[in-house]
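Just passing along the structure, written as structure tokens.
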Amino acid sequence: MEIILQTCVNALVASAFFALMAVGLVLIFGVMGIINFAHGELYMVGAYLVWYFYASLRWPFLVAVLAAFLIVTVIGLLMERTLFRPMRDNPLGGLINSIGLLFILQVLAVQVGGVGLMKNVPPAYRGSLELLPGVAIGNQRLVALVIAAALLVCIWYFLTRTKVGWALRAVAQDRDAAALQGINIDRISMLAMGLGAGMAGMAGALIAPLTRVEPYMGHGVIITAFIVTIVGGIGSLSGAVLAAVLYAFFHTFVTTYWNGTIATMLGLLIMLVVLIVKPTGIMGTRVSE
Amino acid sequence: MKAAKLAIPSLVALAVFMVALPFGLKLHQQDFMISLLVWVLVVSSYRLMALTGEYSLVHVVLMGAGAYGSALLAKLAGFSVWLAMPCGALVAAGIAALLSFPLFRMSGFYFLIGSFAAGEAIRLSWTYFTVPFGGPKGIKLIPSPELTLPGLGPIPFFEPIPYYYLTLIIVGISLFILYRLENSRIGLIMNAIHWRAPLAESVGVDTWRYRALAFVIASFFAGLAGALFCHYYGTANPAQFDVAAMVYVLIWVIVGGVSRFAGPIVGVVVLSVLNELFREAEQWRPLIYGCILIAAMFYLPDGLVGLPGRIRAWLDGRRGVAAAETGEAAEEPADLASPRRR
Amino acid sequence: MGITRRDLLTATAGTAVLGSTVIPRIGLGATKTLKIGFLAPLTGEVSAWGLPGLYGCEVLVKNINAAGGVQIGEDTYTLEIASFDDEYLPDKALQGFKKIVSEEGAKFVMMLGGDPWPGVQRFANQSKMLATTLLPSDLSPDTPYLLAPCEVHPIYNVTGVEYLARNFPDAKRAVICAQNDSLGIPSVATYEAAFEAAGIEVVDVNIFDPATTDFAPLVTSLMAKKPDIFCYDTAYADFVNLIAQQLHIQGYKGLQISCTCDNYPQIVEKTSKEFMEGFIFQFPDFDDPKLNEPFINFPEPNKFFADYNAAHPGTWTAVSWEYPSIVLQWIAGAKLAGSVEPMQVLEAMKSKPSWPHIFGEADWWGQDLWGINNALVGKWPVVVIRDGKATIAEFGDIPAWWAKNKDVLIKRMRERNQMWDQRA
Amino acid sequence: MALLEVRNVTKQFGGLTALNDVSFAVKPGEIRGLIGPNGAGKSTMFKTIAGFYTPTRGDILFSGTNIAGSTAYANAARGVVRTFQETTLFQEMSVFENVLVGCHLRARSGVFSALLGMDRDKRREAETRTAEVLEFMGLAGRRDQLAKELPLGSQRALAIAVALAATPKLLLMDEPFAGMNPEETEHMMGLTRKVRSSGVTIVLVEHDMRAVMGLCEYITVLNFGSVLAQGTPAEVRNNDRVIEAYLGGA
């Protein structure tokens, strides 16, 4: 019983991070039609910034996280302007540019932090909260979970309750139609890219004290984010969140009771099945012809 | 028409150059040439796929399937390497045929990601099932081919020069087949599917069948490339065929330019040679690579193969020749996802 | 015991002390440049196993050259590292090996081993080139010129278990977690054998994907087995770091044993001194006073550690000293042979039944596990964390353990398909 | 006997009924118009006949065979070929190659025969057919131009040429007159009649009333997914319900 509960707690934390990554990826793909391969590297940059601000410069943890979030957002805006906007009619070009950026960011991380052992980011919140006897969540994880969830709620509110959010979703639905209605595609693209990048940066920033901060940390994360994105439906933000939760629980339980490699393998197969049965994902609505 | 006249002599010149090449190279460069030839086959077969308008992320895994297939047949089933290599290629083609049922229910981005999932699942199974795949360490001591020529004695195919020629012959024949295929009616239909699948269907083209056909044939040659690779280096492991390798193939193909047969070949040759030249830079190498990629997207949207045309256009412009034609050439939309024939 | 510590020291940075005797000798022979091959991943995800080693060798070579170089036979040599990034790929490794050997003229090649080695094996044999690996699982009867002269992973792990069993006789239930790769699996077999020999029951073994980023599920799963001993196997240092944090959060109170714990100060910082008290592993800090014992064959380890940290702060790992210690052993071999030619050096080194390993005299060994006696096995340190600081508790005796428990280890290795004749 | 018979066809998308119990029949050699206000279901009907949609209920008989739910390429093999709205062509290919693709069915060959050049006879036959079709459609002079370089009228002609190359018995034309000036419309009408006189039955979906009235012998009017009226152009023009539907729809 304790194991099941503890596994649920573990899965809940994983869900939040998967959701942050996947929603960002969905925003970028939905609005710009570009698969951002460098998304995992934005996450890496977020983590490195927290290492630098919090662990090296000794800023307060939350300030460091906020700074990382803002800086990665700015990187996202710059990416939109310099790398993606000129490639708007050439999704493959956008993809290749993001791969180019991925290489560049990895090398810069090596140059800044070196290789060898992971960067040391001590937890800001020590100890753990014992929910039940034998069921515990580390305080650092709890804080990360709360912030990630809060950010997701903010994004959800922004997208569904504000005019700009509505415009953004309209562009994601149908770019040409939205442009005809007078929506400024350039501004919306920057917004989507900034938000998407910021969320990836935030995920990296929050997870920095909990994972290996190293130049190649984005690699495994992007694969998970792809799976979640596909299962959720590429155009669907709520689908991404739902899929993140489902996938996190699935992966965590299979890992706990069986094996992590099997969990990833099954995850990929499930994604394949979803693609075959319903290519638009569990929550996707757009019909592709 | 001038180009057609030049084609034969320049092909002959290229052949002579390729045959003479190993004698002008250092030992480790001969090995580099073997790898390069293998990758040339990989990217060229990838282009056949791209001809139908689909980009897959499973190609390198299928190359691995060819390597594993051939290696296991040679090591466990005792096949002669000469038989094992084509059988390995058939294994890759067979897997592709099976995959084509689920995968071609999708297209575009969905196909890209679906093929990625299928590939990773296959690759993870190699690391998970130690028997017979050898787990993460893969397979070692894969035999090299044996051939005894009367009068010459056994040919040492484990040496770089003989293996270079073997690879050159096999890759050369494969490229010829791929080229013929592309310029046959089948290539025409594949190209038509890429441009307007519904229109092709409306005149009786079974698009699923042709997409699958392109996928299976491309995978056959990818598998053959994998087999060639593993019987020289003597080993096959899952890490060699991971996403990183796939990303490089994608880069070579796209930076080279997918619009022409020679494009991906130019891409892999130029970028690999540059990569070797930057060896001194060691850890900065990937960064240089990244910058080249982005620069290519901006300044060479039709790929490296478009470079001579661009230079010519630029020179003409400088000479003040009426810019009507050249201007048009330069302004052509950057449609990378559009393989054109020839 | 033809070679003594004294010979080794005069061969190396120890020459600083004897500098005055070295310099006049230059007149006897010419001063030449001697290239030492370094073929390991320097970019990409495995570069953590190569780059710190390159840094270590550069520090060592700089010290040696500053002291006047090395005298071998009639000649005095200044050393130079010829490095090549093999990207952890067999084809690149073969290219690099050929470049280092046939163009740069290196006389031996240090490699990480593992995935790239099979690509090199045939050429190394053919060209009779001396090479070394950190992963003895590369050894087989087909690798006569490949040595594992420093780290004989994972056999030394038995010393940690032996120490644990002796000091904590009540601990009877162990769990093991290991990443699924060529380091993790043979190490599992070794720990299983060591626990069995010590009368400890292994209640669960969890083999995880090296791509794992979140270890909470794994720790939950293993803690459910109520272990007295948590064994990290040969998990990478970063994994140990993350797993330890999870164990701490989920309230683990028992013993911990691991092969490596390179970044233990971080772990202590992230958990607590109490949690890490008594953590057993196998890699000492080089400022450990016990490394100044007379039988240690590494000149001024504490100074080397300081020099290294000054030049490349924050990158120290076990490979930072392992590759340099191989350079030292090779130099000793060359001195004994009076030549730098690979086969003469190899012959000289193998001509002695034992050889000065970094942690003392060691035997050429490995026939039973790898089909060839090309690995050096002798003493190996057992390191225990006390009050937040790693200290060498003892030097365990591997040959003594082997003499008693040989069959158990072979049985366990066979169960996990790790004997040389079982590997594909 | 009717060449094409649509029997009680219903097509639903989710909860939306796009076609409701539609029936009509087309005789061999006829030019049939399919008209209706926007959203009437013309396009859905068209795509259902062509094999791009499967009807929810009902049958589509072609020469007595039920082809409902069959695929587009299988229909093409039976002789049902469609053209597309606007100009759907293989833009980057030459005029000649476009039509050559249209000859796919008669030139089809296996991989090996294509590689070994054993399909030479078939290929020559396809090329001959292509030349004939180009001649017939008045495009012979443009055979080496890229499709995208043609003026609009020629692009439409080429689209029909591609379809004709597949030797249809029934040609389904989707808004062939859209966006044309009166002169081009006139030319296109001539071409359409010429195609019919070569023995091809034609069903066309069109907005341009002048063209439809001038060209078709018989017209089926759809509204809200159902058949509103059928008859000769004169009958349809004077049908009150049709007038109401068009005025109301406008």
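Each chain gets a letter, A, B, C and D, in the order it is written, and its residues are counted from 1.
In this text, a residue touches a chain if its C-beta (ideal position, glycine included) is under 8 Å from a C-beta of that chain, and two chains touch if they have at least 3 such contacts.
Quick caveat: nothing in here was measured; it's all calculated off a predicted structure.
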| item | value |
| --- | --- |
| Each chain counted as touching chain A and chain C at once | B |
| Contact-richer chain pair [B-D vs A-B] | A-B |
| Distance from chain D to chain A - Cα centre to Cα centre, in angstrom | 48 |
| Between chain C and chain D, centroid-to-centroid distance (C-alpha), Å | 75 |
| Cα-centroid distance, chain B relative to chain D, in whole angstrom | 40 |
| Mean-CA-position distance for chain B and chain A (Å) | 33 |
| Contacts with 2+ other chains: residues of chain B | 127-128, 283, 286 |
| Multi-chain contact residues (two or more partners), chain C | 43-44, 47, 51, 180 |
| Chain C residues within the chain A interface of the complex | 43-45, 47-48, 51-52, 180, 206-209, 211-214, 216-218, 220-221, 224, 237-238, 241-242, 245-246, 249-251, 262-263, 266, 269-270, 312, 314-317 |
| Chain A contact footprint on chain B (complex, rising order) | 55, 102, 105-110, 112-114, 116-118, 120-121, 124-125, 127-128, 243, 247, 250-251, 254-255, 283-284, 286-287, 289-294, 296-298, 301, 333-337 |
| For the chain A and chain B complex, residues of the former touching the latter | 29, 35, 37, 83, 86-87, 89-93, 96-97, 99-104, 106-108, 110-111, 219, 223, 226-227, 230, 234, 261-262, 264-265, 268-269, 271-272, 275-276, 279, 288 |
| Chain A residues within the chain C interface of the complex | 2-3, 6-7, 10-11, 13-14, 110, 113-118, 120, 122-123, 128, 130, 134, 136-138, 141, 209-212, 214, 216-217, 219-221, 223, 252-253, 255-257, 259-261, 264 |
| Residue ranges of chain C touching chain B (in the complex, touch as defined) | 42-44, 47, 51, 83-85, 88-91, 94-99, 102-103, 114-115, 118-119, 121-122, 126, 137, 142, 180-182, 185, 210, 417, 423-424 |
